[in-house]
Amino acid sequence: MENLGLLAPLVVLIPSIGAIINIFWGARLGEKWVGSIATIASALTFGVVVLLYVFMNYNYYQGVNVNPPVFESWINIPSAGLNIPWQQRVDSLSVTMMLIITGIGTLIHVYSIGYMHGDERYHRYFAFLNMFLAFMLVLVTANNYLVMFVGWEGVGLCSFLLIGFWFDRSGVAWRNSLAARKAFIMNRIGDFGVIMSMVLMFAVFGTLTYYEAGEVANPTYNEHLVEEIQHEAEAAEADLATGISEVTVGEVANAGEHTAAEPAPAEGQHAAPAEGEHETGPALPATSNDSIVYEDLGVFSRAQILSEQGGDVVVGPFTMPITTALTLITLFLLLGATGKSAQIPLFTWLPDAMAGPTPASALIHAATMVTAGVYIMVRSNVLFELTPTTMAVVALVGSATALVGGFIAMGQWDIKRVLAYSTVSQLGFMVAAVGVGAFGAAIFHLVTHAFFKALLFLASGSVIHGVEHGHHHVHEHGHDDEHDDHEEAFDPQDMRNMGGLRRRMPVTYFVYLIGTLALMGIFPLAGFWSKDEILADAWTAGLQDNNVIGYIVFGLLLVSAGFTAFYMWRQIVLVFHGKPRTEAAGHAPESAKMMLVPMLVLAFFSFFGGFMNTPRGVLGLEKIFGPHELTEWLESSVMRVHAGEFYLWIAILSLVVAIGMAIMANRIYARVPVFNRKRDPLEMMEATQQMWTMANARLYWDNFYDRIFVNPFRRTSAWLATELDDRFLHDWVHNKVLWNGFNAIAHFLSRDVDQKVVDGAVNGAGRVTRWGANTLRRSQSGYIRVYAITLLFGVVVVVLVLLLPLLQRG
Amino acid sequence: MVTQIEPYVMLSIVLFVLGVMGVLLRRNAILIFMSIELMLNAANLSLVAFASYWGQTSGQIFVFFVIAVAAAEVAVGLAMIVAIFRTRQSINVDDLHQMEG
Amino acid sequence: MLYIPTLEQLNLMAALPAIAVAAWACVLVIVDLLLPKSRKGLIPWLAVGGLVFALIAALLTFSDNGSAFLGMYRADAFTGFLNVVVLLTAILSILMSIRYVQRTGIIRSEYYILLMFSALGMMLMASSTDLVMIFVALELLSIPLYVLSAFRSPDPKSEEAGLKYFLLGAFASAFFVFGAALVYGATGTTQLELVFASAGRVLESNSPHLFYLVAGAGLMLVGLGFKAAIAPFHVWTPDVYEGAPTSVVAFMSVGAKLGGFAALMRIAMVAMGGVLMNDAEIRQAWQGLLSLLAALTVFIGNLVAIAQQNVKRMLAYSSIANAGYILIALAAGATPGLQDAAVRAILVYLITYLFTTLGAFAVVIVLEKDDGSGVMLDDFIGLGRSRPLLAFMMAVFMLSLIGVPLTAGFIGKLAVFGVAVNAGLIGLVVFAVIMTVVSAYYYARIIVNMYLRDGEGQPVPEEGHALRWATYICFVGTLAVGILPTLVTALSDQVVLATALLP
Amino acid sequence: MELTGLSLATVVLFLPMVGMIILLFLREEQARNIRLVALGTSIVTFLFSLVLWAQFDPNNTSLQFVQQTPWIPSLNISYYVGIDGLSLFLVILTTFITPIAILISWRAHVFEERGRQKLYYIFMLLLEWAMIGVFIAQDLILFYLFWEVTLVPMYFMIGIWGSEQRVYAAVKFFLYTMAGSLLMLVAILYLGLTAGTFAQPEIVQMMQSGQLVLPLDGVFSTQSLLFLAFFIAFAIKVPVWPFHSWLPDAHVQAPTAASVILAAVLLKMGSYGMIRFNLQLFPDASVDWAPFVAVLAVIGIIYGAWVSYAQTDMKKLVAYTSVSHMGFVVLGIFAMASASINGSILQMLNHGISTGGLFLIVGMLYERRHTRQMSAYGGLWATAPLLGGIALVIALSSMGMPGTNGFVGEFTILLGSVGSPLTGVVFTLLAATGVILAAIYILAFFQKVFMGEVKHEENRSLPKLHWTELAVLVPIVIMILWIGLAPNTFIAPMDPSVNALVQEVQPAETEIAQLP
């Protein structure tokens, strides 16, 4: 079983094969086959990931590097010391990510079979989806930044393809493709940061690899692991492996039982691998990196060593202190993360990205891809911890984004757009967590958010699907003639066209409600635990490290949490409560089973997912679920992770805020059963009108970018192309100055100099001669004489030049 | 034997320059041609003078060749001038500028 | 005392090619009288036969080293090389002329005989080592050309060209004679080697002799530069080229230039060699003068050519420009130690120039209509379609004139620029190179018209076999020299002109 | 090959000539045979060049497949050819692109109008011959010869079979390149005559051993001027900003195949020349001039990308992208780090493949709709999915998507330039913005042409891809992915040579910060 790690290449290979099959043969296979192939590929991958998870337990949570059997090296320039292998890293962090990606991915595949039914490019959709999985898995499994970057840009590409999936849908074709392009370009700005970060990293450290073979991510972790294994080997002799096969994401907590301080609980599944393989298995991992030479270390250890030593590093022509270099590296990395994870200043693409099919939004733009930025920052936790400046920036960027996203979400009408801004806001939570050093909390929130946000998106897809069907239903039955008029304008995503769907779509309502409550952070749903941990960690950062940033983050996030509750409850009320506001909503059918099942699974995890990282001291829950299971599981691969404190007052405060805001939203929106279809109650109230307009206009952020960047770019581009390059360089410099000037000189010489000037010289010379010879009347010059005098002129020149040295000599 | 060569050279130069000016100022092709003959004869004069100065004959032989060649030139030149006079009824060289540029 | 040299002393065999041409030309004069009118078509072929014989003789005696006519005639590799070039030129020109003179109505048997005499003059220009001989050769070269230029009489253009050429040529010759007289006055000899040898004495004596020598050399440069069309003595060229029959122009453009430069090389390297080697100041002045003239020539030739619409006239300016390139090498030859390299470069350039220019003129002859029109740039439009092969060859000739590699022109430019760079005349070379780019512009225009401009080509009369084969020879020559320059350099490397005189 | 006394390099060089001679004996009417002979010849040449690759010894940094015979003995000029890691893949690129260019010409519309196929394919093979020659010539004069000869067929191909303004473009192309290269000739002459030989390796050796010293003390010193003479010739060809004015004209007017070759190979001659001649012959001057060149390169990267965004003509857009991409190449060369030079050579291949591919796509669209204006298209991905998909792959490669070839080149260039004392972080930062700009223009292009609604009815029924078109696109896509995923195949043979070069140029100056 210790060789299970070698399965890692399969997680990339299987979805790739699925994508290839569907791209090339999908058009001929038919919907059923296409959907099955893609889903099976995804499910198989999930299976492999589960095996990897098992492997992690057998391997004492020790990460391994996996090289693909063929094709080992990617870029290898020996003379430059650059060697980038196609190497994967299987450790607790990457396995966590993989579980999320493939698990939720599989559910969304299943959902998509129903959702995309009848689309003319069905096979293309599933091919892209599989391709996305492959790239996303490359991203999280990579063992160096460059391979990670392949996945990083690859998922960007898939995002582009899926946002622009309906690039020719009549009416919105241009908008869709523009959104796709915008997403790609914004991401590219981030990628620019990643590239810069990587080249700087290589210039400073000489490697891009996370961990070399034999290197351990967290030496301190392994030390107590060793003790523990010995201890347990004695204690749990009789226990046989039982529950491994049942391991799912939700039960991650069960597998990480190893804290020395706690007596081992009765089940002790963890001991099974240890027991079985202890004698014959691999030697215990090295407990520290001390014995390894610098050259054999990965970038993180090198950074630590260099940073401990202090001093200057030489980067090209510049010499700078190591902290400066690290700050540059991490700031550029942050730029990359803001692009991918939709943070300020690069978040504006994400709401537009909702142009794509909803399941794709759920997978890519809510659950997985957008968390890549958080993932890479957690992965680079060592680098970030070494640079306080960057950490402060990260924290501020994250909490500001959380606030801005939450604020804008309150003023949106589009059901998906609200969720998109909510995603922006929640990603802000995660980034802020990274900023205050709560790497574990960031990943925790990433996981729970993946559950409930994917759920919300899928449910919203179900709603849209239903409303659309309802609309078609109405249209087919043709109730009144007006329909033709607003036919064009009907938007199935506009919440103003909904209402009262609770009765028409009960299952959807149920899961939506769970998702909403989880997102709001209501006890004991998943969101409560993760959000609370972030808040608590922010407070701890402020308290312990006397870091004022921590308090700021805490405050901003608390406000954002309030916003979250408000806009989510507003959505619930607008969509499901009250009475249908359109006939379409009134006729919306419940979605097919194919779509409901995945939602129910996700609802389950949204409810219980939070228990994977239960803090100590909450109603004794940790006795049931184990305390800080996720955090401790991550400890083996994330050096700076630490279990957060639990503050009861913070939990209560955040609950109060959330519930209070939800009640307020309920009061505002539910009190007005059928409000004006076009206007929001907040908009009609004097006090809030301005605020609402701001939120609705997305804080004018896009307009601001258009004005500051986009339009000047376009104008400059046009100016450069037409004025500078075409008119000036091409037409003027080249055609006028060089070309015409050249011709003009030629003609001048030919017509004027060769004839007239020589003529003139002849006339002048002739005048002198005439004066001398008194032959004025013969002043007309004939051509032969012109030539003759030219000749004579030449003679004079020749003789003078030759005699000059002699004359000088005297 | 000539011992003082400079006066001869000066004279031939003067003659030569006169010839050149004739070429430059005259319009009649025959007169131009005569001016050229004058230039040649200026050269001849100096050749003879130099031959005497060096006490040799090669200069004089040169002169013979020049005279002979000049005669050939006269033959060709006059024939050409006559031919042109036939077509144009003029031997004014200023009329000869059909080609330019 | 009467000195009568024996036949052995005259050493006629050494001058066999020249004597063969002279004798055969005289014979043809008689034959022409005897032949009936219907058989006069034989004359050109007889002329070609004689010239081919002379060519073979020249090739066989190529590496002979000797002198004839008591040192007035020198047979060495230099002579041999130039003889080959002249004879090739003459043969090709005659082949190009046969059909042309028939259809333009200027057929007279004297045409070929005059051409042969002119060729003889050119050969003698190369081989003469005595000022008297050079003068005679110069006139022998020129006088037939004056007549040939006016050969299309009563066409006014042709007559005008003839008279202009004649008057200006005679004018220039007068300078040459006066220059020769001054050199003779300075040194007391007309033998070039003796002029070389007396340099030391002239330099030492504090008499005006040095003045005479230097001024004389300058005046001779004028006379010969006129023939070679060096600016500012080039003024006759465009008019004469435009007016004279094209076949004559073809011959003249190569032959006259060749004759002029041949004698110029002898004078510059041999006669002036002594002074130049011993007096740095004069050498600088001399080199500076030649560089100046070279720059001027290249400049005027290339720039004015751009404005031309008449291809004959354009080629005339092109020929001026080419004289400039040769002059660059001549200027480089003033640097001690580079004399022979310069001479070789010039010889290589001349042979590349021969094939290219004759080829270009051959194509012009094909295109020219009976009344002399049809030689404008626009007349080349569509040639690529109507006569693909002809157009292709013309394109190659143009590329060769530009100096694109794999054509002869490149080898010539390489040789010339190479020696100039060696002599340190970098600035001059850079200037010449820039002018070469300029030249690419007008040469390319012909290609553009032939291939790129839309339009139907005019009907082009069928050229005779002789002309076609002459064109082929030029074409093959252009490419052969371009690809395998050793064909030429093997011959030119044997040339030793200046260093032969050194002790 | 030893039996015949010819090195394999010579064989590869003269194979196109064989085809040319066969073509000369075919009549214009035998169009089919003409095409087959041309294609066959180029494919055989390609296969032989693969043998070249197979027999190439990557660990040998000196020249291989050498052949040296005197050509003009009086000037010490010889026919001297050989291949090392710097030139191997450029030769293969040439032989790879030529069959593609020939095949895409098979069905070209332009022949119906202008005819003269035989001449066209003769020029094609002549061009291939000269291009191979440029990359394998080791004698300066021989190099110059091939360099100039490439002008002629390209001039005609643009001039005869080009679009409306072809004559203007052809003449401009000819004169610009000529102007640059003649100055180079002067420099070559000076160098060769000073050294007494024109053989590049011998001159390099003489300079290393101190036998030949080219003084360098200021801008107008010998070495600096020689450097400039070479550099300007190459810069015009590359083209380095601001010498690029000829490029859009030439590209836009040229027929598809000529655009492909022009972009894919001819531009590389310039950058190859910079490596082979500027860096090797004038190492010190190169170091002195490097920051200046880097400035031009960076301006080119940004400027080219920026300008191409505003284009409405597809070919012009792609033409300007060349300015941007080649800016990367030049930056990499003058960063003089081994990573960046490896990257530059790789990027030369990449640019050849990707931009060649873009021109192929544009050419195919042009064949179908007879317009290059982007506004005439739109939504093609729906009506021509295969073409759209392939276009997307090529576009991604052009914008440097990881996993495609473009990324590997750009990244290694940036990697090298950031650590190079000659360029450093600031240049790298500016150059890296090219990555963003590339996404902007390429996506704009892709969106305008392939996405959105189908606005023009003609676009609904575009002819399907013909097998010849597929046959040229598939190798391009394969190469894009191959270089993108396994660049080591290409880096391994070139790296030792590059390393040797870097050691010559700049010993021990590029070091990664080590432990104290």
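Every chain is named by a letter (A, B, C and D) in the order it is written, and numbering of its residues begins at 1.
We take it that a contact is a pair of C-beta atoms (placed from the backbone, for glycine too) under 8 Å apart; a residue touches a chain by one contact, two chains touch by 3 or more.
From a predicted model like this one, the values you see are computed outputs, not experimental measurements.
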Exercise for the section: Find me the chain with the mean Cα position closest to the mean of all the protein Cα atoms on display. Expected result: D
Handout entry: Which of A-B and B-C has more C-beta contact pairs
Key = B-C
Exercise for the section: Could you tell me the distance, in whole angstrom, between the mean C-alpha positions of chain B and chain D? Expected result: 65
Handout entry: Whole-Å gap between the CA centroids of chain B and chain C
Key = 25
Handout entry: Centre-to-centre distance between chain B and chain A (centres being mean Cα positions), rounded to whole Å
Key = 96
Problem - Centre-to-centre distance between chain D and chain A (centres being mean Cα positions), rounded to whole Å - result: 35
Handout entry: Multi-partner residues of chain B (at least 2 other chains)
Key = 23, 32, 93, 96, 100-101
Practice task
Going through chain D residue by residue, note those that touch at least 2 other chains and give them in order.
Solution key: none
Handout entry: Per-residue overlap in chain C, given as positions that touch at least 2 other chains
Key = 163-164, 167, 171, 175, 239, 307-308, 441
Exercise for the section: Assign the assembly's chain-to-chain touch graph to one of these shapes: line, ring, star, complete, other. Expected result: other
Fill in the blank from the handout: Chain-chain contacts, ordered by label, are A-B, A-C, A-D, B-C, C-D
Exercise for the section: Write out the stretch or stretches of chain D touching chain C in their complex. Expected result: 70-75, 116, 119, 141, 144-149, 151-152, 155-156, 159-160, 166-167, 170-171, 174-175, 178-179, 182-183, 185-186, 189-190, 192-193
Handout entry: Residues of chain C that touch chain D when the two form their complex
Key = 344, 384, 388, 399, 402, 404-406, 410-411, 414-415, 417-418, 421-422, 426, 429-430, 433-434, 436-437, 440-441, 444, 447-448, 451-453, 485-486, 489, 492-493
Problem - chain B residues within the chain A interface of the complex - result: 20-21, 23-27, 32, 92-97, 100-101
Completion exercise
The answer for chain C against chain B in the complex is residues 131-132, 135-136, 139, 143, 146-147, 150, 153-154, 156-157, 159-164, 166-167, 170-171, 173-175, 177-178, 180-182, 184-185, 188-190, 208, 212, 238-239, 242-243, 307-308, 313
Completion exercise
Listed in rising order, the residues of chain A that touch chain C in the complex are 742-743, 745-747, 749-751, 754, 758, 783-784, 786-788, 790-791, 793-795, 797-799, 801-806, 809
